[in-house]
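These are the structures, in structure tokens.
The following pair of complexes shares a single chain, chain A, combined with chain B in the former and chain C in the latter.
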Partner chain A sequence: MKRNYNIFHVLTLAFTSIILMIIIFSCESPLILTGIFIYFLVVFITCGHSKDIKDGFKYFAPFFAVTLIINMIFVTDGTIMLFKAFGKDFTLESLIVSFMLSFKLLLIMYLFMMMGIMIDSDRAVSFFSSKMPKSTLMMMVTFKLFPSMKNRLVTLKQIYSIRGVDFEGKGMRERIKAFIPILSILLESSLDGAFDIGEAAYVKGFLSGKRTVYDRQTFGRKDYIVTLYAFLLIVVYLFFRISGSLNFDIYIGIDVSKFINLGAITVFIMLLMLAALILILTEENEDGLHRY
Partner chain B sequence: MAYIDIKGLSYSYPDERDRALKDVSLEIEKGEIFLLMGDSGSGKSTLLKCISGAIPYFYGGTLWGKIEIQGKAVENMTHQERSGTIGMIFQDPERQLLMNKVHREIAFGLENIGVEEKNIKRRVWEALQFSNIQDIALQDINTLSGGQKQRVAITSAVAGLPQCILLDEPTSQLDPSSAEEVVELIKKINDELGITIVVVEQRVDRWFQICDRIGIMKDGMLLFVGTREELYLSDDEYLRGFLPTRLKLAKALGIEKMPLTIRETRRALGRFEFRLKEDKHKGSSKCILSIKNLYCGYGNEEILRGINLLVNEGDFIGIFGPNGAGKSTLLKSIMGLLKYSGSIRIMDKEVKNLGVRDIALISGYVSQNPNDYISKDTVYDELKFTLDNYGIKDDGVIDITLKDLNIYELRHKNPRDISGGERQRVAIASILVLRPKLLLLDEPTRGLDFEAKRKLGRVLKSLNKNGTTIILITHDVDFASEFCDRFGIIFNGEIVSIGTREEVLSESIYYTTEINKLLRDKNKRIFSLEQALSSVRR
Partner chain C sequence: MRKLSIYLTTFFISILLFLTITGKIQEYIPLFVTIVVLAILILSYMYFEKSAMGTKEIAVIATLSAFAGVGRAIFAFAPGVQPTTFIVAISGFVFGPYEGFLVGSTAAFISNIFLGQGPWSPWQMFGWGIVGVISGIIGKARANISVEKFSVICFLYGFLFDWIMNLWHVLGYIRPLTLKSIISAYALGLTFDVLHAISNFLFSMIFFERLVRVLRRFKRRLEITYIR
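On to the complex of A and B.
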């Protein structure tokens, strides 16, 4: 049975996502990042989006390859040498750092995918329109334009390959040059599109005064539980981070106690408990109704 | 007092010296359906935007004169008041729907105008029921067809219970069946809810049936305001151009009293005989395109199912079919843009063995949107761009192509500044400059007014006479019937009919011209007004 995470209030989901984002950006600990990864896996699998996990890896692989090459060429720090070539030392430490950087990027991608799944965008628009209408309108225009731009790009590439543009040119410079005409059309059409969407919103009375809400969501018990837990998670994380137990610099030396210690284990367990918590709170009765 | 009262209205867009509207005065009564017509750029849409308040409050610019709605000047109404009083529907359904789910889109406008929360749900679901689209209420909007999206947009306007709904070419992007559904829905809204309707349209036939009064605009001025009968009785040739084809025929035959319906027109034509000389299409027997057992689709979805088609040199084929039937997919597969199974041979060369650039030298393709072909600052550069990409140094062919398409005088103009019809011809020219033997056109008449269509048709006919084989996809049966000489109908990825005008259109229930439907019991080989007039015997 697929789980529906839309039962949480938009604010709860947004707050939890921001906390995870802060941790991903500021944390180097492999254990904590693995905890976040497990949390995402739980969400994707339980709401029937397992394919997204695979899709994420498709983007992760080339990024990892590029980061690996750049990092191993330019950084020769580290003590465990894997091999030597062109007079340079290629170390295990720089390999691990490349992996960690790409892994963080993967987690950020997963985070946005997860937000797309968990947050009902219409509800979010409705909620934020009454709090910060102009920013919401801008977001709305952006979200509306991106999918149509993606389709348009495919069509334009077809048309311009018929007009003789070679998108598979020999050099990078040639390939970039080939995209100039279609990017100018895309820019013009997205400006037109943004204007049209703005006009449609205007005649529908957007920004015309106080809004009412069609489907007002209440901030219920489950929301308080998850929000407080997420708050506790960030407090604990920051405590260990400030106390220095989560500081992790692999170039100083590979020391197991640096990434498996009290701080990292505590935050890791809390992340697993966050996953368990949302599973429990979204558990359904036999008749399909939510307990909360 | 008129419900909408416009007096001495003039307007110029920001940074424009010319006025888009010039001293327009118009009164529209409560509960009326008012049809506003005119050529492209005549000021119809601008007038609607003035009534909605989008001009000047969203667009800016300078406005003279006044607009009152039920005695209250639009300038004295608040934004929320205007949005609650007037609903507006635009041409492109994609660009006016802002939410993801249908029911939330309907609610969006109600939230904006501050409808009490206890009433919103009721209004949303009642409006859905009124428009008979409850079945799609929970669906994602991006999974809907164009016609469904337009009905969602209309429902969203109805939910606000406005006093007036303005529609700016609401059916111009839809296929004929979807367009009919939209017209029916608007009629129902007007009949049952008494909402005043002002509609701007190029495709007048359906709207003419249901409107109460008509306005015709030219160069920013209101040239005519009156009833359907008054327009019918007018002797002004320009005005008569806006009559539906059946009434043009009736008028040309001297029928004094306007026949209100198609049935009445048929009855009024009873005393006339129509004899047409045999006009057999003499095509070449040399095959230019051969398609055998073609299967093609996107991902796992199969769109074309076993297509077989032979096209001879010099053919001008019009292909009809509902949206999603596979018409555009067929053209794309001919161009080698999609993977396929089966065989497509152009001039004896198998498409799957050629690169797109090789195919483009023998077969040109022009997509639905002419704006896709506008990337340079002059029309001349646009054509040169294609030639340069192929390394062709013969600039003389640019002038020849521009002259062939009657746009030579526009060669130094910015293609963004020319009309829709001219832009369509520039798009065709940018492909035709490679001198392909076969030209594939995907809905080239979409959004064009009557005159622009005519010009395009003549240009295509002349190209065809000079040796270019043309396949065009269209919903415009009248256009195709006038200019094409072979016809095909696609349903569910299969060509269900292909042949001459007589073989395909005469036998068709749906895909034939209004004139043929009127006269098929007298002479089923008559399809156009010109044919009818040249064959009439009293």
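On to the complex of A and C.
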């Protein structure tokens, strides 16, 4: 059965994501990064977004190539030589670092994708419109205009193509020039519409009075549990990080105790427990209601 | 709150500059830089909440943001060629630095909802925001700038924006950070930077006068008709 992670409060999800982001950016331990990867896999698979795992790899591929090339070619540190080419040593250390940095990049991409899945946009708008009404209004209007403007542009392009404008001109200058009438019309008519949108928003209570909320989100028991657990996770992580047991520099030397030690294992288990915790909290009763 | 936002932003940037110069905490720089970029964006929107802007001004900024965002989609035929940077620049130039920042950052955020959010999103928001701010300052200092001069500035924006965008990748995913590896990483993207810069220049040369007229007319309408 698909899990619904939207039942969590926006702040809970934002806080947990920030904690994970801090760990990903500041951590070099492969075990901990694997723990975060498992957490993401659990979220993607349980909420029916397995396809996103593949999509993440697609986005990631070009960045992976660049990271690998730069780290492998331009960084000469390391002692274990893999092969020699073009008069340059390619070391095992630089290969491991390249893979690890690329892996971190993949995790950051998954983090953003996971936020998109877990945070319900309507609930986020509802929450932020009471806290940041101007920013929310601006985002809402832009969000509404973007697809309609795009469709209008396609229509205008078709009309001007029929009228003889060549959008596939030879040079960049010719192609850009072909867009003169389209962009001018689109900008003028859109700005005209903006005044109507502004007035309509004012009449509907935006920035002119208190707006009612249809489905107000409350910070419930499950949110306290996850938030406190995420806080505990970062405290434990920082403790081991400051104590030095998570310091990992491959260029100093490859040592198993640097990969697997008490600090790395503890944080790894805590990450698995975080995944288990959100699974338990999003479990549904027989009547379709959530436990908390 | 408005003053606090300005002071905190200045403080964060100063700390960042100091850390970059000292270079002693290289492993923490990616995390710190990302947090600073996010903090600056949040503080800017907090500042916006305390501004005197009404629904009409907000709707105009939103429209320009959507327009700039749409520009990214229609010029997808050539990598690096898109009018977003120019539209953000001209918006800032006409409406002011803060409005320029909002148009740039919102355009990046919204267009990425459709094109794909990622670790690049805060950096794009920041990069285009900076373009809007600089153009706004230029607009306040020299409102009657020539097309050629503005086009040269837009040309330079191509490099500025791309170099900001390269930062998140270089700082986060290249180790160890040496001058050689940084230059190499930037050199890999130079072709796209040049294409972006040239397209900005062309967009400005072709569209500047026409769009400035339109935007100034709407700015006047805002000033005359809006009742707070």
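In the analysis below, the second predicted complex is superposed on the first by the 214 of 292 C-alpha atoms of A that agree within 3 Å, B and C clash if a C-alpha of one lies under 4 Å from a C-alpha of the other, contacts with A are read in each partner's own complex, and residues count from 1 in each chain.
The rule we apply is simple: a residue touches a chain if its C-beta (ideal position, glycine included) is under 8 Å from a C-beta of that chain, and two chains touch if they have at least 3 such contacts.
All values derive from a computational prediction rather than experimental measurement.
Trainee: Is A:Thr155 contacted by the first partner chain B, the second partner chain C, both or neither?
Mentor: A:Thr155 sits against chain B, while chain C stays out of touch.
Trainee: If you stack the two complexes on chain A, which partner ends up touching A:Ser184: first (chain B), second (chain C), both, or neither?
Mentor: The answer is both, since A:Ser184 touches chain B and chain C.
Trainee: Under the stated touch criterion, which partner chain does A:Met81 make contact with: chain B (first), chain C (second), both, or neither?
Mentor: neither
Trainee: For A:Ile70, decide between first (touching chain B), second (touching chain C), both and neither.
Mentor: A:Ile70 sits against chain C, while chain B stays out of touch.
Trainee: On the A-aligned overlay, A:Lys134 touches which partner chain: chain B = first, chain C = second, or both, or neither?
Mentor: second
Trainee: Of the two partner chains, chain B (first) and chain C (second), which one does A:Leu232 touch, if any: first, second, both, or neither?
Mentor: After superposition on chain A, A:Leu232 lies in contact with neither partner.
Trainee: Quick one: is A:Met21 in contact with chain B, with chain C, with both, or with neither? Answer first, second, both or neither.
Mentor: After superposing on A, A:Met21 lies in contact with chain C but is clear of chain B.
Trainee: For A:Ala61, select first, second, both or neither according to whether it touches chain B, chain C, the two together, or no partner.
Mentor: neither
Trainee: Which partner, chain B or chain C, is in contact with more residues of chain A?
Mentor: Ranking chain B and chain C by residues of chain A touched puts C first.
Trainee: Check whether A:Leu101 is in contact with chain B, with chain C, with both or with neither, and answer first, second, both or neither.
Mentor: Only chain C; A:Leu101 stays clear of chain B.
Trainee: From the superposed pair, tell me which chain A residues show up as contacts to chain B and also as contacts to chain C.
Mentor: 140, 147, 184, 188, 193, 197-199, 201-202, 206-208
Trainee: Provide the residue numbers of chain B that touch chain A in the complex, in ascending order.
Mentor: Against chain A, the touching part of chain B is residues 52-54, 57-58, 78-80, 82-84, 86-88, 90, 92, 94-101, 104, 107-117, 120-121, 124, 142, 156, 332, 335, 337, 356-357, 359-360, 364-365, 367, 369, 371-376, 385-386, 388-390, 430-431.
Trainee: If you look only at chain A, which of its residues touch chain C in the complex?
Mentor: 21-22, 25-26, 28, 59, 63, 66-67, 69-71, 73-75, 77, 97, 101-102, 104-105, 108-109, 111-113, 115-116, 132-135, 137-143, 145-147, 149-150, 153, 157, 172-173, 175-177, 179-180, 183-184, 186-188, 190-191, 193-195, 197-199, 201-202, 206-208, 251
Trainee: Can you check the complex and tell me which residues of chain C touch chain A?
Mentor: 27-28, 30-31, 34, 45-46, 48-49, 51, 53-67, 69-71, 73-74, 77-78, 81, 83, 102, 106-107, 109-111, 113-114, 116-119, 121, 169, 172-176, 178, 180-181, 184-185, 188, 198-199, 202-203, 206-207, 210-211, 214-215, 218, 221, 225
Trainee: Applying the document's contact rule, which stretches of chain A touch chain B when the two form their complex?
Mentor: For chain A paired with chain B, touching residues are 121-123, 125-126, 129, 140, 144, 147-148, 155-156, 158-159, 161-166, 181-182, 184-185, 188-189, 193, 196-216.
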